[in-house]
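Dropping the structures in below, format is structure tokens.
What follows is a pair of complexes built around chain A, which joins chain B in one and chain C in the other.
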Partner chain A sequence: MKNSSIYKFSTLFKTQYANMLEYRAEIALWAISGVIPFFMLNIWTNNGLNESINISNVMLSRYFLSAFFVRQFSVVWVVFTFEEDALLGRVSPYIIQPLHPFIRYFAQHIAEQITRFPFALFIAIFFFIFNPQSLWIPSFLTIIISLVSIFFSFLIQFLMQSIIASFCFWTEKASSIEKLLFIPTLFLSGLLAPVSSFPPYVKSWIYLTPFPYLIDFPASILSGNQANITEGIFIQFLWIILFFTIFKKSWKAGTKKFTAMGL
Partner chain B sequence: MRKNIIEVKDITKSFTISAKTPGIKGTLRHFFNRKTIEKKVVKNINFEINEGEIVGFLGANGAGKTTILKILCGLLYPSNGYISVAGSRPFERETSFLKKITLIMGQKQQLIWDIPPIDSFYLNASIYGIEKNEAIKRIKDLSEMLEIDSELYLPVRKLSLGQRMKAELLAALIHKPSILFLDEPTLGLDINAQANLRKFLQIYNKQTGATILLTSHYMKDITYLCKRVICIHEGYITYDGKLEKLLTKLSPNKDVSIICKSIKDIENLKKLNLEIKNINDNQITFTVNKLDFKNTLKEILNKFDIEDLHINEPPIDEVIGKILINKK
Partner chain C sequence: MNIKKYLQVYSYFNYSSFSIELEYKINLFIDLLTSILGLIGSVFLLSIFFSNTDEIGGWNFNQALIIQGIYTILNGVTNTWFNPNLKEIVKYIREGTLDYVLLKPIDSQFWISFKRISPTGLIEILLGFFVLSYCFYINNISFTIWSFILLIITLICSISILYSLWFLISTTTIWFVKTWNATEVLRSFLYMGRFPMDSFSFSLRIFFSTVIPITFITTIPSEVLLGLSPAWKIILEVLVSMTFLIFSRKFWKFALRFYTSASS
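Let's turn to the complex of A and B:
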């Protein structure tokens, strides 16, 4: 049973990885398109904004490089793929296979992250060539904790989008709901600015949402900026449990509504 | 005695559909005050299917055939009624049930477009819990039956429609399903590819004893594979029984043309109380009921010295077409 599950998932990853490698040029472009944190770093340092929040230039550049990495390995597009598959009738064969369709999409994302990794590393090397003072090597433990946190960030986003994707069973254009999340994700996640730079009253409610745990928290751990690791990981875990429960319910209700369109 | 593998009792299925009138007025009304209607697509249908049977579903577009297949394979929840497929309720989608069935849709694919089919086969094998060595054996056996080989190593997008359909079949059958749901499996295929596919399905049914449920607008698929047909019209079952009986019901007569050696024979034939259509010199054409056909012909051959004989039946497409056009 255990061996069969390992074989199942390893074959799934291998197949999706082979599929992703067919799109290597596209993935390189996606990796390059994720350089928003570098633009933000430029804006922050050139205007001396970092002084107002007591973060040195070096720590800020490490934060934005880490944010770039976190973004690279937590980007999710499942709602768009699922919506297209549902509209074109591709979801139907997946639904009647003994594998939850979202495990396929999950494997697709992981395969894409692995494909993306060398490109992200290449961009990071370039960054250090131009910013040698920012070069740092995190400890092994920091890397492990950061990886866990990045993976949790990916899981939160994957589950959030999966919940929205399951709305495809009610409305054909569920991706438009996802667009509502784009603005808070952009501004509250720490992609444009570290959450520590936000005014205290904003910070007091921002931490009640999942957004700071998507970029800011893992990027702060990786860059060595201040972060409450135990509390942060625990809260990430709680968001995962909550979203997983909601997803399971919305999927179950949705499949009852399924009309198997497109075939 | 073969046991029922599919039981359907009083199944109905309704969909909520939003209707829109044309023009800008209709568009605005549709935006602000959307009207929905409930459409009953399947209406209180009942049938049972035995293990190993091949059953064809006949009906016009929109009659409800595909919806019935979707309900049977567990894609759709029925609105009402009882349904049992291989001892399970399909819409619960238990793993044991899903491992017993497969759904093949013409022009729809489950193969991954950019990589060779062989990768999708191994993926499907792993999903169904088939060990690698067993998967290799099954792929070999099925590819021999389907006569595909080198195509398995080319990206799916590079394959012809016929090759792709064969690969789709292989992917759908790798777990040796005991129930096959086929929705227009030969759609878009050329005549040779259609014939090969039919032949393959017949062999698969004989070798594995699998039950096959099929919808197709190509009558050749139905006549070649199905002894039993279920006719659907506007969500109702209008006929469930042997194809041969249906054909007799829809087209009860045959036309027989006989060329006699002498005019005298023609005169004697007239006395036989036949439904004569026309007489031309020493050729007589008459209509005879299929039930009396054997006896009538026997009598003629015994009593008369005939030169030639032709039996004409309306083409099967034309006969079945009556179901679709006249909504019988």
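Let's turn to the complex of A and C:
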């Protein structure tokens, strides 16, 4: 049992959680920096923009609150950590260990999400105080399904960033590629406007990309807006498999290129 | 204050920063692509808003585009001067190398604020001016020397406010050491500067004019261009920016008293 991967992971997780609790003030600030959906909601309802897309004010506010939650628990920063570790030469000891370095980062992310949870909940309560009419309690089944799809959304983003992170072996500064990828994520994922409001010339191809499955899909499930649950989760799963295969390949090619730095 | 000395030091700063940045040439290209995509993205978002209505907060699409132009310019300024230096300040304080800065026979705020420059933002500034000149065309703005002077004055004020906000947050590093996330909060609030302030509800408008003065940063310069801004707003903006500049200076002096260095 001692050598099993579950044991390794749970130990890693516990240490990372302790580490993250140390930085809870920063994580609280980070949670606050995710309030953009609320500002967008304000623009939408204040100008009556939602009338023509047939989403009521209440449903829209639930959508944006859910979008806030989904974003909180699918934020990924692995490329920035990895880049720093690579530049400072910390990757070298990680690579020798009988544990994939990205398991460590994965545990970091999960630990950070759990630290973040109370803050996100606090912001949500604050939101309901100002918008009591939009208060709703999703059914247990809805919560479970949306948790799965939020976790899948997190996995997709984690794998996408891990692929970019493995470019660090070639370019050293891979985070600028991540910043580039963040732009379509921001505008197409549904964080600023629900995908159902997009013009037809975008809707026709957007579902072929992973972006609407990152925020719009899980947020629609959680808020009770229209969503094709089985199809969505299946497509999320396909993206995970695809990105996982690419990551394995790029990591393998990258480690062959690896030159230790900063020792 | 010896202005000639400061100018010379500043040109050395620029020279060294450019040689560092040009090490990563592909990055420059990727960053250019990022700022163009970012602009397309926000115009796309605006077009979604305006496909449902003719105006938001009294601004039509062509007018709202002016705000995008101003925002892009200011974002470029932030990325060129404020952002790269802020990263350095955090490092100075965490590693205790601020000691060396304080010992130099030059103003510490000057050194800290202008040490680094990142050329990628310069392209964004150009892009912003390009959008603005297109807006002149579609809004039929008759351009006079007077409106040009007013635009420059309000832009300088906006940049001063932005600088002060960034510098105030950097200054708090002296107490809290890790302020990187505080700048993320500021960044996400500033992001709302892409939209006319009149499109928000009354309470948020108050928030964006007092706590974080985004109204002064992007909306007023845009109103000046459209000739919609009354004189008192411009005077108020000048006053606000002066207050911010003076306060950030005083705050830095105050914070330095609490600087205790770090072990080497």
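Everything that follows uses one rule, which is that the second predicted complex is superposed on the first by the 260 of 263 C-alpha atoms of A that agree within 3 Å, B and C clash if a C-alpha of one lies under 4 Å from a C-alpha of the other, contacts with A are read in each partner's own complex, and residues count from 1 in each chain.
Simple rule for what comes next: contacts are C-beta pairs under 8 Å (C-beta built on N, C-alpha and C of every residue); 3 or more make two chains touch, one makes a residue touch a chain.
Keep in mind that what you see is a predicted model, and the values were worked out from it rather than measured.
For chain A, the partner with contacts to more residues, out of chain B and chain C, is C.
In the overlay built on the shared chain, the residue A:Leu192 is in contact with chain C alone; chain B does not reach it. Of the two partner chains, chain C is the only one touched by A:Ser176; chain B is not. When the two complexes are overlaid on their common chain A, residue A:Pro93 makes contact with chain B while staying clear of chain C. Applying the stated contact rule after C-alpha superposition, one finds that A:Val35 touches chain C and leaves chain B untouched. Contacts of A:Ile43 after superposition on the shared chain: chain C is touched, whereas chain B is not. In the superposed model, A:Pro184 lies in contact with chain C only, and not with chain B. In the superposed model, A:Phe234 lies in contact with neither chain B nor chain C. Judged by the touch definition given at the top, the superposed model places A:Phe122 against neither chain B nor chain C. Contacts of chain A with chain B, set against its contacts with chain C after fitting on chain A, overlap at residues 23. Those residues of chain C whose C-beta lies close enough to touch chain A in the complex are 24, 26-27, 30-31, 33-34, 37-38, 41-42, 44-45, 47-49, 51-53, 56-57, 176, 178, 180-182, 184-185, 187-188, 191-192, 195, 199-201, 204.
Contacts from chain A toward chain C in the complex involve residues 23, 25-27, 29-30, 32-36, 39, 42-43, 46-53, 171-173, 176-177, 179-180, 183-184, 186-187, 192-193, 197-199, 202. Every residue of chain B that touches chain A in the complex is listed here, in rising order: 15, 66, 70, 73-77, 91, 93, 95, 98-99, 101, 103, 105, 108-110, 112, 114-115, 119-120, 122-129, 131-132, 155, 183. Residues of chain A touching chain B in their complex: 4, 7-8, 11-12, 15, 18-19, 22-23, 89-90, 92-99, 255-256, 258-260, 262-263.
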